[in-house]
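In what comes next, subunit A is part of two complexes: it sits with subunit B in the first one and with subunit C in the second one.
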Partner chain A sequence: MTAVEPFAQTKRRVRILQLLEASERAALAPIDTDKLHAFAYLADVLSPVWGLRPFDRRVLKTGRPPYYADLQREVDSLVAMGLLEVSQPAYRKAPDGSMLFQARYALRFASSHGRNIRLALDADIEATAGQSYLDELARALASLRDEDIAAASAEDATYDDPNISSGDIIDFGEVAHRMRTGHATDSLDSLFPDVRLTPGRRLYMYAHYLGRKVHAVG
Partner chain B sequence: MIHFPVVDHIQICGYRLFPGGDQEPGLSFLVKPGISIIAGVNGLGKTTLIETIFRLIVGPFELPKLENSARFGSTARVKETPWPARREFFTRRVADRAAAATAKLRFRIGDRAFEVERALSDCRLLTASVDGVPIDMIDGFETAYKDLIVGSAGLGSFVDFLTMVKFLTFFNEDRRDILWDDQAQRQFFRILFASPAISQEWVQHEAQIGSADSSARSASAYAFRLEKDIEALVEALETNAGVTAELAAAQALLDADLERREELERKSEGLKKQIADTSRQTERAKLAEDGARRQLEELRYTALERLFPSLDDTARYILTHLFADAHCLACGADSEDEILRLEKAISDGICAVCGAPPAQQHRTAGADGIVPVHKVEQKMLDRALEAVANAAIEREASATAERSFRDQAEELNVELDRVSRSIDERRLANATLRARLPPDPEEIAEKKKALANARSSQQQYEKERARAERKYQLLLNQTEELFRAAAVRVAHRFQRFATAFLEEECSLSFRLVEDRPSQSGARFMYPSLKFEMSAAAFETKQFRERPDDVSESQREFVDLAFRMALMEAASNDQAATLIIETPEASLDAIFMRKAGTMLRAFAEDERRIVVTSNLTSSVMVPSLLGGETADTDEIADRWTRVLDLLTVAAPNAAVRKFGLEYRRFLEAGVEGRVA
Partner chain C sequence: MPSDSSASETFSGNATFRAGAIDGLLITPDAPDDRYQFFDSLRMSILSSLQLADPSAQLGPAVFVRSIRPREAAAQFGDPTLVYDVDLQNPTQWEGRLVFAAQHGTGGWAVPMPGGQASQAVKALIDGGHGDFPFATVYPGTRIISCAVEGAAAGDKTLKLALPATSRTISLSDLAAVLELVRAEGLITPNVCPPGVWSDPAGYVPGVETERLLQWCVASEMRAQFRPILAEREQVTAVGRIDICLTDPATTDPSAQFPAVVELKALRSKFSSGNPVSERSNVAAVASGMRQAKAYRVKKKALLGILACFDLRQAKDDILAHATVQKAQTRYYDDQMGVTILPIYGSPDDAQDELATNVTVA
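Take a look at the complex of A and B:
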């Protein structure tokens, strides 16, 4: 098992519960593995729009939509702890021969333990602020067609940056990596010069733009 | 002998300030011997008219400004300068900017009759003649005209003529003192009583003394600065002898720090690259490990699905991961024994939940198409397990390497900070040391050489000054007797005028006063006339050294008496014109009469006085023109001596409203009646 700091592990588990909570509220749950990781990635790269810092430090750019191995490990644990419900687990081979695991996840509302965790999070100011951001982003993503959500994350200005090749990491802490998505969201102002865009409105418009891009490419 | 300008006639055309009457447009006035009055209330252009007459004579030229304008100046002015207001003074007073305005003056100097006409827009000469012969005006500096008037006046230079006319012919509102200013007296003695040749020699010597003195003082000031510099440098040389070595040592430490920082920065760059490489490697390893695990899971999952077709997704999920990880997913406990048990059960076809052998199982192999688990290829499982283990090792190795590089980078950054701080501190300390570095001995030698040169120049200029001063002294010796005699003549005439005005006994007495024409050169004795006057609290007459020693009206009229005495004495009682602006300002009714007596005492024979009056007092006009009379010829003559600006000048609001009253007031004055 990966040696993980207990504190970092707890933080990541809370993050997963919040992502799934937001998915529930936006009617995205049960959410499949690809969409969950796409949601986690966009939550990282768009966090400056909400004035937050990215949760993850980095992600490896692959030929597929973003995928966090660490996140998936903790999802597995949360299932075993009875906090998440899993359905339709399946394995499929990727074109490169590697094995991909697919399942759909949702919060397990029957768990009393899970209920206590959610009550505790509701009372925490920092957690509430993070949750409201994830809720808004989940609603923005829910405005896309279900099958476009995972592909949309790969169309993000940073993930799609031609200067970062597949197999390199995207470091959210580096200004140069943050700039492209930032520029893209800032440039929305020039489309509506007379309107002051709220952060929420900005997320919706950016999600809409990614959705359009999926089809422009596809 | 000096000849003063005698004004005969003034004429102004096309100037809106003096539109004149319907019968006689513009302004035209004949100045007769005796007293004339320019009468008009405030704002009708009296000062402008006086300035017009002045500018018609002297043109657009001015005396150079002295730094201390309250005094006349210790040396003579050498050259006049252009009048700065030549294009503004007359133009700003009228809406058409005096575009077509001209003024003409007939005047005499000695036995020569001049006639000049100037444009008021810029004061330039339009026509000029002497004794009816036109004067050459090609030269824009009016050189020919100036030479003629200077020669006619018996003076040596135009700047002296300008001084004489400005301060003696005209007694205008700024009333600069002459009697109480020894330097002014000295210059007027020179201008009026020395021959033109001696006067010019005097000016030349004063200029030489002034120039040599100024150069000597500059050289001295420079030498003084050099001396102070040398003192400071020598002191620095003695007290900071060890600083060079100290600085060299400090610089060596700084150089070592700089080298260390460069090395650290190089290492830091290397580490950054290694961190980037290992972090990329870690992420790739994580993904590879994840892939390997999912591969193993898939094998297990397939086996479990066959073994436990009724297990729900969650149970299958957990069991799969349990097999793949050898750790309990829920609690993280090491469950190797349990896994071995399950592994064996699965490979033997024993139910993993209840332990029933294959024979007792209701769902037997083949019955519902389930392939016994032991049929799963053990080799595939083993390979998958090995792949997971290898991937985990690689991920762990990459993560460890990354952590190690990050730790190294952190340590390196701490040291880099420390070295950078040390460099800043050392640089500051070195700058302080550098400021204390002993000077270059060559620099001191250079400065000493410059000092010797400066002192040599200073001595040279002092010698020049001394030579000029010797010549100047000889000239002063030559003129002393001349000035004494002139002073007696001036004092005699002053007595006559002053007595007419003052009730007190008064006189002028000759004295030699010490002064110097330069700031630091030799002192000389100059002729001076001192004013003495009896006072209520003293038995004998007292010297009144300063203008403050007499009352305001006494000051003005005593100074005027002195000017009249100078003019009479210098011109041997020949014709002259004196133009006085509003002399009545500081006088009461009694003293206005006395002032009239004094002015009439001057305006005898061919001499003439032009006085401006504000019509503020009913006494002034009779005091000047004579007492009450019913003689119509006399009254008519008096009117020819009055330039009535109430009629000639453009009326202002006061004249439009009270014009009749002012006129009655003036008429009463001309007829000698006190209104």
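Take a look at the complex of A and C:
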């Protein structure tokens, strides 16, 4: 293990705690596995709306909504550390016949370590800015139909790009791929040129487009 | 980011994209701060929920308190249950409960109402250390939301929001009726005003943010009464800043895109510093308001324009009778323009005097 890896691992764990904090604030927690990964993916692909860089720069496109193996591994670690609590563990059969582990995750409020980490994050300017973004995105997602949230991520303009096949890596660092979601959020201006579109509003508007798309294709 | 106009056109010409964007836009109210945004969002969610109610059902009140972490807060008061998609669910999900709600107003965690009564729930909130959080008591029977902007511990200052059963069409008379509703139900005395409208009500000294709060009260009520509509505050144009621009985001008829512009003026006896305001200043404000309302209507190609003058003066002379105002009205107004004077009082006694003497409101 190199010296960089523990730092990257810590950063990822902090990111997960922030995702779960935003989920708590939006009343999405305990959040199921699919929704958590959907939230993480949309947080990456929509980060330019908030002037931020994506946390993960790559995701594997599969026949199902976005899934980050690294994120899941660290979620499991945080459960083992007592920082997260897990409920309703179950296996679900995927359309391809494979078995998928599902559970619901939430912050474990009783953890004194968790409280200390939260205090440290609240005092960090960069972490606070990132948390504000995740809070707003979580609120936008929570305003969708509950059952549409996970499916919405698969309808994202970049993830749903017909030029990217299942099994391909989506690299948010590649301009062409980043462009599709970015173009969608930029296009909102031409629809409503007279309306003040704050970054928060753009998140709600784009999220509800995805929500509509779930039903348009379903 | 490099431009790719064809990709943008793909989205802007897509009906699903447009419909989803409108959905998102309509549920992101433009508010002065996150407390008012919470009340606005909650009101729109409750309005949608009430439309799904059994008309014969007797629904009890519910208390919604905004919480940073709803699940954690609710757990202090019992074994909470999740409340979600309030706008899409029957009121039975939330009626008769104490709901620790998220900022977006469509979900949270609920426990049975402590003591079975809203007043007991409020006491429990204070006792439980939640007295500083904004909360709203929803009365489905009377279709009113009573909002405590500064929380339960701040006392009895509440803001009342209506839950209209049906949506109005936009006409000059309906615009005036909604403005009167805002005045009569939400502003008429300091007891029902949002905090900050007055700094010293008995002395008729307004607050430093009076106009901003009045804008929100009007915009919020118009969103609820003329739904689905956008009521945008302080929209900037080349000829000035429109106080409230009503936009119909769903119309495809360019001539109907802006049903109305609303210009607001606060007439006052004193500045927020306590220094006196001259009658000439108030007259000039009304005359310039008429000019602005008309200019903005023309600029936006809006169908209607109205000037609403909230009269916070101690001596409420008939300002519309002033020669300068009449001259402005003759010069700028046509049959698509309106003006309304909305008296607001610094004491209940003065408001009672209006009612007792049956003063005709312009």
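Going forward, the second predicted complex is superposed on the first by the 214 of 218 C-alpha atoms of A that agree within 3 Å, B and C clash if a C-alpha of one lies under 4 Å from a C-alpha of the other, contacts with A are read in each partner's own complex, and residues count from 1 in each chain.
FYI, a contact is a pair of C-beta atoms (placed from the backbone, for glycine too) under 8 Å apart; a residue touches a chain by one contact, two chains touch by 3 or more.
A quick note: this is a predicted structure, and the numbers were derived from the prediction, not measured.
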| task | Go through the superposed model and pick first if A:S112 touches only subunit B, second if only subunit C, both, or neither. | result | neither
| query | Who does A:Q72 touch here: subunit B (first), subunit C (second), both, or neither? | reply | first
| said: One more residue to check, A:N163. First (subunit B), second (subunit C), both or neither? | reply: neither
| request: Name the chain, either subunit B or subunit C, that contacts more residues of subunit A. | output: C
| said: Contact-wise, after the overlay, does A:A184 reach subunit B, subunit C, both or neither (first, second, both, neither)? | reply: second
| request: Pick out the shared contact residues on subunit A: the ones touching subunit B in one complex and subunit C in the other. | output: none
| remark: In their shared complex, subunit A is touched by residues of subunit C numbered 1-2, 4, 7-8, 10-12, 16-21, 23-25, 27-28, 30, 68-72, 75, 82-85, 88, 101-104, 106-109, 230, 232, 235, 245, 247, 249, 300
| message | So in the complex, the part of subunit A that touches subunit C is made up of which residues? | response | 24-29, 48, 106-107, 109, 135, 139-140, 142-143, 145-146, 157, 175, 178-180, 182-184, 186-188, 190-192, 194-196, 198, 200-201, 203-213, 216
| Quick one: in the complex, what on subunit A touches subunit B? | 1-3, 58-60, 62, 67, 69-70, 72-73, 76-77, 79-82, 85-89, 91, 98-101, 103, 167-169, 171
| remark: Within their complex, subunit B touches subunit A through residues 276, 279-280, 283-284, 286-287, 289-291, 294-295, 297-298, 301, 313-314, 316-318, 320-321, 325, 327-330, 332, 392, 395-396, 399
